[in-house]
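Can you keep this structure in mind? I'll have questions shortly.
By written order: A, B, C and D. Residues from 1 in each chain.
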Amino acid sequence: MLRIAVLGCGRIGRMHAANVAAHPRATLASVYDVHRPSADEVAARHGVKVAETAEAVFASSDVDAVLVATATPTHADYIEQAVQAGKPVLCEKPIDLSLARVEACADAIRGKNPVIQLGFNRRFDPGHRAARDAVRAGEIGDLHQVVITSRDPGMPPRAYYEAAGGLFRDMTIHDFDLARFLLEEEPEDVFAIGGRLIDAPLMNELNDFDTAMFVLRTASGKQCHINNSRTSAYGYDQRVELLGTTGMVISGNRKPHEITHFSASHTERAVPYLEFFAERYSEAFNAEIGAFVEAVEKGVAPEVGFEDGRKALILAEAALKSAAEGRIVKVSEVE
Amino acid sequence: MLRIAVLGCGRIGRMHAANVAAHPRATLASVYDVHRPSADEVAARHGVKVAETAEAVFASSDVDAVLVATATPTHADYIEQAVQAGKPVLCEKPIDLSLARVEACADAIRGKNPVIQLGFNRRFDPGHRAARDAVRAGEIGDLHQVVITSRDPGMPPRAYYEAAGGLFRDMTIHDFDLARFLLEEEPEDVFAIGGRLIDAPLMNELNDFDTAMFVLRTASGKQCHINNSRTSAYGYDQRVELLGTTGMVISGNRKPHEITHFSASHTERAVPYLEFFAERYSEAFNAEIGAFVEAVEKGVAPEVGFEDGRKALILAEAALKSAAEGRIVKVSEVE
Amino acid sequence: MLRIAVLGCGRIGRMHAANVAAHPRATLASVYDVHRPSADEVAARHGVKVAETAEAVFASSDVDAVLVATATPTHADYIEQAVQAGKPVLCEKPIDLSLARVEACADAIRGKNPVIQLGFNRRFDPGHRAARDAVRAGEIGDLHQVVITSRDPGMPPRAYYEAAGGLFRDMTIHDFDLARFLLEEEPEDVFAIGGRLIDAPLMNELNDFDTAMFVLRTASGKQCHINNSRTSAYGYDQRVELLGTTGMVISGNRKPHEITHFSASHTERAVPYLEFFAERYSEAFNAEIGAFVEAVEKGVAPEVGFEDGRKALILAEAALKSAAEGRIVKVSEVE
Amino acid sequence: MLRIAVLGCGRIGRMHAANVAAHPRATLASVYDVHRPSADEVAARHGVKVAETAEAVFASSDVDAVLVATATPTHADYIEQAVQAGKPVLCEKPIDLSLARVEACADAIRGKNPVIQLGFNRRFDPGHRAARDAVRAGEIGDLHQVVITSRDPGMPPRAYYEAAGGLFRDMTIHDFDLARFLLEEEPEDVFAIGGRLIDAPLMNELNDFDTAMFVLRTASGKQCHINNSRTSAYGYDQRVELLGTTGMVISGNRKPHEITHFSASHTERAVPYLEFFAERYSEAFNAEIGAFVEAVEKGVAPEVGFEDGRKALILAEAALKSAAEGRIVKVSEVE
């Protein structure tokens, strides 16, 4: 049994703690949060102890691995500490909002060969993964176009915005990673437009976007479109479409159940999609833990690691530059 | 070009006339209706002449074949006249509401080897036919169960009821024929219940049903369920489901277009189904004319003929007996 | 926390044990199985102790409630013992294969006002329940017809058949309960046909059926069709359709993910449905535990109790009589 | 009855001729084609006469209006001749491949107030139009994003390429018009990438693209993505998606019938989509004729006219410039 400590007991940390506790080959070793009552609550729920400090977790001989779900500015530090302590780490995205800090972190851990997994959960979604596998299995021939639709059900609170680093680094970063996962080839060119259609005053104030469209192109010419919106009245909208020479595969949205209603005004009316990430990607978050446990058990590099976190951030930087300059930005310009 | 005269210029006759006129290898020869203005209107629409009597149509050397879409009590007479005149006939269902009259008609035309096609249009629906073809092609293995859902969008006017001969002989007769078409084997046992759930006073007065369920069984044990209702708020509901040892095939409903709507209260909401038979089965009505033209051209027996009309009526008789007696009725009991 | 012991550590008992262990307001108290290694395995998995006998479980002061997932012939005994011991019990269906034994059990526990929940899990399926709720909310007007499709993915092993009591008492019993749940009115008339289409030699030997169709009718005339098959190549097929005066609601099947594939030979091809009950009804099994915990906490009668188990068995008896005699059987004939 | 002559008896001209002939308020007056046998064939099919020259058609007092379905280089000339002759004209898209020629044509007909309808048939598709109407009716709140998927089933023959003027002016021009129709606001910014993924040698030789992605932006910030491919193994792929503040509406693809197939390897497998434009947009082509007839009858400007043809071509020019320069091109740069 792999003893995993969880740092960060907010919404996503609590979810990870429950998933670790329920995993057949892992146990929840301890939890930590800067806000002690949050840690206490999660600890009580699972009957584990609360660590006094993050440092104590990294030092503990009762902890085999660490899951980092704390605030973004701590991620790079904790990754470095985990590597220093020789403990495998599963860290929520992003590594950092600053590419410079990410590069410094990369330097700090270079050559230490740690087991670092990044929390790009969507790669573990059964649907999105099956879509990628279908391409690998040749079920659509040569891949030509990818379309990623990714829309949040609503605007997050203002406090969230202030910490999140903007639409491209916070939300689209998942889609950039998903694009790399599905294309199985690095994008070379990035084009982006950002809009302020939902709450223009707030977006202007924060110099951020609430609505965006992207086009990526790989060296071999594969094309990828991403669209983002901070509003999707009908639930969390997470779709992937892959067009190839002999076919297409689509990974669609999930509903809580398969009810359809028919009346004089409509047919086949279904219920709204699962509300947000914890529900929509619940299987993915579970599978992510499983993949981490397996990587640690086998002593192999996780399927999605530090470099993937760095590359997704670089795509976000290129997209920001593109949106500002109204032109294609080459990834090599910002790398 | 096959010169086809149309007897009966009501709703369904007008539709047939237009389909005949549009067929590349047929022309509309003339039309007739007991209500002269109806015939005049259709004749003007297509630039053809109005026949003074039905007898004149059968006698005319300008008419190669006759399509009978008049009131039910005239069907058997016109079939006999068509056969007498040596003209192929496409006759709307049913042959007659009385099995005795149908048998008499059978006797009258026996040995004359006429080309008689019965208007069981659903056999020509591209979806239902593709379902049957899938079974024939072995795509679901051995057929075990058939489920036919057949619901009219609303109650017909009282006058219709008085002429129609009751739910089983008027509406279910299509489903009985469809069951025979899909099972490709004769039902031996019939079970039926009839309900009065929509307009009980009227149904009691007419000794009729507005809602019904049926179970048929063939000699080899294949099972078939039919459900009927005179109300289907969401449009004409016409579905067929075939279960076999290696799979299932479903022929579903048609919508006028493929719009879906999404909001905070629903997803994937489509528009109501096509309203009624003329729209839902427009391709089938066309294909039916095509099959008739081809049968006449080739001088072969139509795919669906007099005997099919007789057998469907026998199933309706068996179902009426079953509903009255609360037991399985063998088809041989009423034949 | 409600301390629940689980009797029976077979496939379904193991699932229930895990669900109890994961429930936030319940704990797994202990487990028992006549086959000790099965109990040991489940106990080890959850870190609980193994009871030596079922009697020890009922006697234990560490056990607040008992979940019975043992072989059918023990159900009625354990229900009686639970009631005797004053312990709430959640018992898998059926109460017994013999209606006489069920009635004797009813006599034995009469007046003791116990908390007894029957394991009719489908009532807790989010889709089926939402369909029922839609009817209650008036979303389809007056209910007229119910169609229940219920097909197992494949034939069970011979040993299963020998213990299960036949298709109607083993498999259809779930559908009979679901029909009562959805109709919200007692069926008065039952009609059934049973077929031997999948494995006729075995079915003949066991005097059982592998394929069946049913029609039920309530006092007010509502109609219900059920179809059953022991083979459904495309996965566990569990659908419910409710037709009313102003609309229809359908609760459909679940897929493991929402992938669709498109090629030169097809479009919109999805993956097979969830394989069997543990996967298809996983949410229902969880919700069932939750409903039991809540009933015990509140000291109220469970939503689905002993009488529901008895009534479903009576419908099975009526259906057997109907299949044998080829006629509608009134429920009052077998009650 | 409006007497309409059809110029051009190729694939699309033949279809238009049949639609004109079948329209209840129009008749086919005559047909013309530079390739006389083509004209003869269509004339014989509909029993009309063949015009010796296009000039004769414009001069004829038996012709009320002209439908131009000839080769693209003749369109602008025929529009000018029709206007000169005072005859309403329905002209296939594009007006011309050269923007200069289009502007010259605009100059030539200015002030003559002719009835000119452009053949942007997709505006008349029942699904796409219902989507636009839903937006107008406020059913999705404020429109934010439009996604147009437009993929041809396969590569056209080489001869077609040589005449067609390239992907953007030939194929995307429909999508540019559809974008303007759906956005109900002029795009100001255009971004495009073109790829050579299907037949790179041919595309290199012709300096054309077979695969492309576009992003448009209107003055108010609305965003529109278009994707194009010359290969779509699963049939003609024509989808429109509109996202607004309170919902989304999608206009999807049409299948020839509603068969779905289920087996051990799949569920819900449908048949390929309608193969190409004549089938997929058959209702749209019909409605287009109807709209033209109505505009002529009422003496009003057609819903889609010369200026729409000019604007769509300008978007194509902007897109070509964008693809060449890797940057957003303002529509005002090429206008």
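Here, a contact is a pair of C-beta atoms (placed from the backbone, for glycine too) under 8 Å apart; a residue touches a chain by one contact, two chains touch by 3 or more.
Predicted model only: the values in this text are computed from it and were never measured.
*Asks:* Averaging each chain's C-alpha atoms to get its centre, pick out the one most distant from chain B.
*Replies:* Most remote chain from chain B, centroid-wise, comes out as A.
*Asks:* Write down the chain pair with more C-beta contact pairs when A-C is set against C-D.
*Replies:* A-C
*Asks:* Please tell me the distance, in whole Å, between the geometric centres of chain C and chain D computed from their C-alpha atoms.
*Replies:* Inter-chain centre distance comes to 57 Å.
*Asks:* Need the CA-centroid distance for the pair chain A / chain C, whole Å please.
*Replies:* Taking the mean C-alpha position of each chain, the two centres sit 40 Å apart.
*Asks:* At which residue positions does chain B touch at least two other chains?
*Replies:* 233-234, 246-248, 253, 260-264, 271, in rising order.
*Asks:* Which bits of chain B are touching chain D when the two form their complex?
*Replies:* Chain B reaches chain D through residues 22, 125-127, 130-131, 134, 139-140, 246-254, 256-264, 271.
*Asks:* Under the stated contact criterion, what part of chain C meets chain D in this complex?
*Replies:* Within the complex, chain C touches chain D at residues 233-235, 253, 255, 260-273.
*Asks:* Inside the complex, what are the residues of chain B that reach chain C?
*Replies:* Those residues of chain B that touch chain C are 141-142, 144-145, 147, 149, 151, 189, 191, 193, 195-198, 211-213, 215, 217, 221-223, 225, 227, 229, 231-234, 237, 243, 245-248, 326-328.
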